[in-house]
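Each of the next two complexes has chain A plus one more chain, namely chain B in the first and chain C in the second.
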Partner chain A sequence: MTEFNYKTCTGCSLICEDILFPDAGSGSVSQARNLCRKGQAHYQALFSERTGPLVEGSEVSLDQAIERAAEILRNASAPVIYGWSNCTLEAQEVGLALAAKIGAFVDDPSSYCEGQLMERILSGKIPSCTLDDVRNFADTSIFWGSDPSSTQPRHLSRFSYFPRGEKRQKSYEEERTCIVVDVRESPTARLCPNTTYRVLPGEDLQFLEAILAVLEGKIPKFGDKKKMIELGSIIKKTEYGVIFPGPLMLVSLQDQMDRFEELLRRLNEITTFKVVPMTGQYNSRGYSQLLFDRTGRVKGVKFTASGEAAEAPSLVEAVKGADAILVLGSDPLLDLPLGLARSFAAAPIIAIDPRRSLTADVARVVIPSAISGLETGGTALRTDGVRVTFEPSMKTNQLADEQILTRIMEAI
Partner chain B sequence: MAVDVKVVTYRDIFQYGAEKMGLHSEEYLRLSASIILDKGDMASLGIAEGGKVLLENELNRIVVNATASADKPHPGLAFMIKSPWSNQLEGDESCPAGASGFKGIQAQVSPSSEGITQMDEILQRLRA
Partner chain C sequence: MVSAMEIYMLLPKTNCKKCGLPTCMAFAVGLLGREKKLEECTPLFEEKKYEAKLAKLKEIVAPLESASETGLVIHPEKCFGCGNCVIACPVNVAAEPTRVGAGLGPEGDRVILRVEDGVVVANNLQECKRFGPNKILCNACTATCPSKAIEFV
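This part shows the complex of A and B:
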């Protein structure tokens, strides 16, 4: 008979802790329960495209790969460490110590999308709350440029729409309103066609100003006036509202985040409104928090030779000038635009990667690692900042990211 | 015949699953090398469902499959799942690196008889 234990999924930034996973020897991964489609794929990744230690495309021992990585970093005058967001806090701490030791520029994929929002949330300029507060108290959830059905598939069922919370026992049937603001009919938008607002790329500021106008009792100059006035009515009746900004909105408003702050200030004069980020990888929030606590910044930081954080160039400039790039917990060649991905590919890359990736395909050195969260335990911050500590779901012989980073640092 | 479009990228749960099965898999290629076009734009280009189109701008060119949008009419607006294919057309100077796809990538779309751009070709371009 299969026996199950609760495990944690690190497939997205909700870090679900209720995954029933079969005991070793009594069942297979495919029997795991409570996984969403994304989580299922995340677990199946344990068995495909795993990496081995490589130097210049040739198979070597793990020791040789680590030694070569240390040599490249030791000789680098402009090193970059990029990725971080699929690593535990423990690995991120060791990685930042390594960055300070070698005077590296550090950045992560979330900085271009969520950086400005995260900085405002961490510094208290924008009010935030936990997802548990959302489940218990929120009656209005606004997904602005975000699509949780695709990116955080259990968001709606665990927290924001379907669950019966402490003060929301009648849930989505009567007590919760879901609002979507998007350029297309996303899977989340299909749940609430009557409260979906179409906003074309670059129109988010006009939409924001239209909300402010209807809250002042004025006729909005943007969009379907009747629908905008209805939105104003929903907001005014809201007891506890939450905005979940996604990349479409954050990129569109990147130079106008002060207006978003103003919108939050106005909303909170009327009722309670919070903002919860929708970070991509499972521990993006952890990296932002760690870097913010250490340096006061959440985006690209350059450490000086003495280990102090200094003014940093942009990621584009840093990568163009890099003579060594250590990548962990990310696949920049998969995610970044052509020019920047080419700049990555032109530099000597050391990829700490559990699975084959485009970055590992072009790397000088590949160091295989355990899959963070599945094969190694540790700590991470959920997208709302709640700290989650977890045990591995599976045993492995592979080293954890922090063990590899420690060995590189010792070798340097 | 070509049509100017603004391509907006988005995330897709099925492509995530395909990515975890392998970046060089047929399924990942099928979902990534694909664009959703407005029905009217498809008609004016004379493209049938699943037909091949060339997408090009000042940065690069890719050939992908076209699908007709089931959404309300959105002429001049197209959608692609964010992937190395959409990244081929994306600049990194005009707005924060990697983010312009969410804002819209300007490109021209036209019917094509060339083969679909393959992952190996993209890797070669990255190494160039």
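This part shows the complex of A and C:
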């Protein structure tokens, strides 16, 4: 039996560890096996539009760029560190130490997406499980406002619907049920047209109340009554159910997450039901976990001058009052709403970015880094909280995020 | 994908038996199964009145030529590389039960479907349940495709 040299892909939060490169020795990434289209694009990013060290748009040496970044941060009275989710746990740890040292406000993209849910999962208010448990035991997967076919292409095939597991030998053909709750006919919904529920934006709470009503034996006031009662009977027959809440549902429920908690409590009275979050970037969960362990919060945190974590203003206020923003492993100008992106662009940005991006284009200082996960090894938490340690897939002479952050910290 | 009825509508519909089959409908099915060639329908080429129909026929039959021996057509531009078909294919699971059966990507060369460079590719078609005269009309791979990137003719 030949030994296979598996590589890890950090293109999405599933962190697939079964990638094979037939001619990896020559440094080529062609004919990559088991890599989905998203992962393929992630690997192709190695070769296009890499950044060089820049200060105010002119090329400088790496040392000068780091020196200038340290100078900006040293003189800043209200610095912000934003991004985090595309870095290894090691880089995040150094970054948080830096934030505590300079008294920065820290935030990541999850605070306007799955933050509310993540806080409840990490504090144990909502029961969760690993994706391996999903594969081995789950017989009902509910994709509520999420579309794994587009966001985490291998979610269905690796864990939630198609594979055979310990207790689920007959898998999708007989034992597993896939339910999709979405605003449109997503690619995932096409796989189970009979158990797709259409919910318009903002109607998720009514849908949730309808499920609760059906479980009580009442007639639901929302949607197709017959289909809702069918959903109720699927839930009652379930032995081990999992809900995968996506951004659509989380944004729509926002402040009514208590009702979602109530639904989970009610479901767990009938049978076992768990929740597995669907994070976007590969180490979003890792950052939330790290910040939660350190400060007890998962959303924006402001470190005081003495390094204590304090109640923070919202990201909008923090960015408006910022006199230096360190962006790390993210592209806020691309991701955030226009108004907030404008506030970002108005502040002096230091971007640690391996590739050209909108943020790197407007940044005062650009520090090139190795692509985290491909050119640097490290540790990350998968979307379900499983710790994955990986080796770099490619060789590079660029510095890793944590090395850059350590050098900035030393310079300060 | 084109159906036998669509092909039949463009044939002469005279049941002349010159192709060796009893009816034009049988010829349409044969054409779809790639057992017959369009050239075997001689009236279509000899008689002038069928010219427009012939041109249309050539157009709709063209994609059939790109299909593999088992009739599998892959549209790489639609494929996500999700690997649902790889995991669902019964032959793949039999080839690597501990990997493909448990949702991991295959590592050997005995599988039929495999994701390569982010797109599904087919190998070892002689292992497919649809191969040969005694084929079983298995559709595990096409039924599990979220983007209809693979289909059978």
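By definition in this document, the second predicted complex is superposed on the first by the 402 of 412 C-alpha atoms of A that agree within 3 Å, B and C clash if a C-alpha of one lies under 4 Å from a C-alpha of the other, contacts with A are read in each partner's own complex, and residues count from 1 in each chain.
The definition used in the following text is that contacts are C-beta pairs under 8 Å (C-beta built on N, C-alpha and C of every residue); 3 or more make two chains touch, one makes a residue touch a chain.
All of these numbers come straight from a predicted model, not from anything done at the bench.
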Partners on chain A (chain B, chain C) - clash or fit: fit
Please indicate which partner A:Ala41 is in contact with in the superposed arrangement: first for chain B, second for chain C, both, or neither. both
On the A-aligned overlay, A:Asp335 touches which partner chain: chain B = first, chain C = second, or both, or neither? first
Residue contacts with chain A in the superposition, chain B compared against chain C: B
Between chain B and chain C, whom does A:Ala32 touch in the aligned arrangement: first, second, both, or neither? second
By the touch definition at the top of the document, which applies to A:Leu205: first (chain B), second (chain C), both, or neither? neither
Partner chain(s) touched by A:Cys113 [first = chain B, second = chain C, both, neither]: first
Just checking: does A:Thr188 make contact with chain B only, chain C only, both, or neither of them? Give me first, second, both or neither. second
Have a look at where A:Arg164 lands relative to chain B and chain C in the superposition and call it first, second, both or neither. second
By the touch definition at the top of the document, which applies to A:Leu358: first (chain B), second (chain C), both, or neither? first
Once the structures are superposed on A, label A:Pro153 by its partner contacts, choosing first (chain B), second (chain C), both or neither. both
Could you read off the angle at the CA centre of chain A, spanning the centres of chain B and chain C, to the nearest 10°? 70
After overlaying the two complexes, what is the shortest C-alpha distance between chain B and chain C, in Å? 7
In chain A, both chain B and chain C touch residues 37-38, 40-41, 149-150, 153, 187
Within their complex, chain C touches chain A through residues 79-84, 86-88, 93, 99, 101-107, 114-119, 144, 146-148
Per the touch rule above, chain A residues touching chain B in the complex are 37-38, 40-42, 44-45, 48-49, 109, 111-113, 115, 145, 147, 149-151, 153, 183-187, 198, 200-202, 247-248, 251-252, 254, 314-316, 333-342, 345, 356-358, 361-362
Interface with chain C, chain A side, in the complex: residues 4, 16, 18-20, 30-41, 135, 149-150, 153-154, 156-159, 161-165, 172, 187-188, 190-191
Within their complex, chain B touches chain A through residues 6, 8, 10-14, 16-17, 19-23, 59-60, 70-72, 74, 77, 79, 82-84, 87-93, 95-104, 123, 125-128
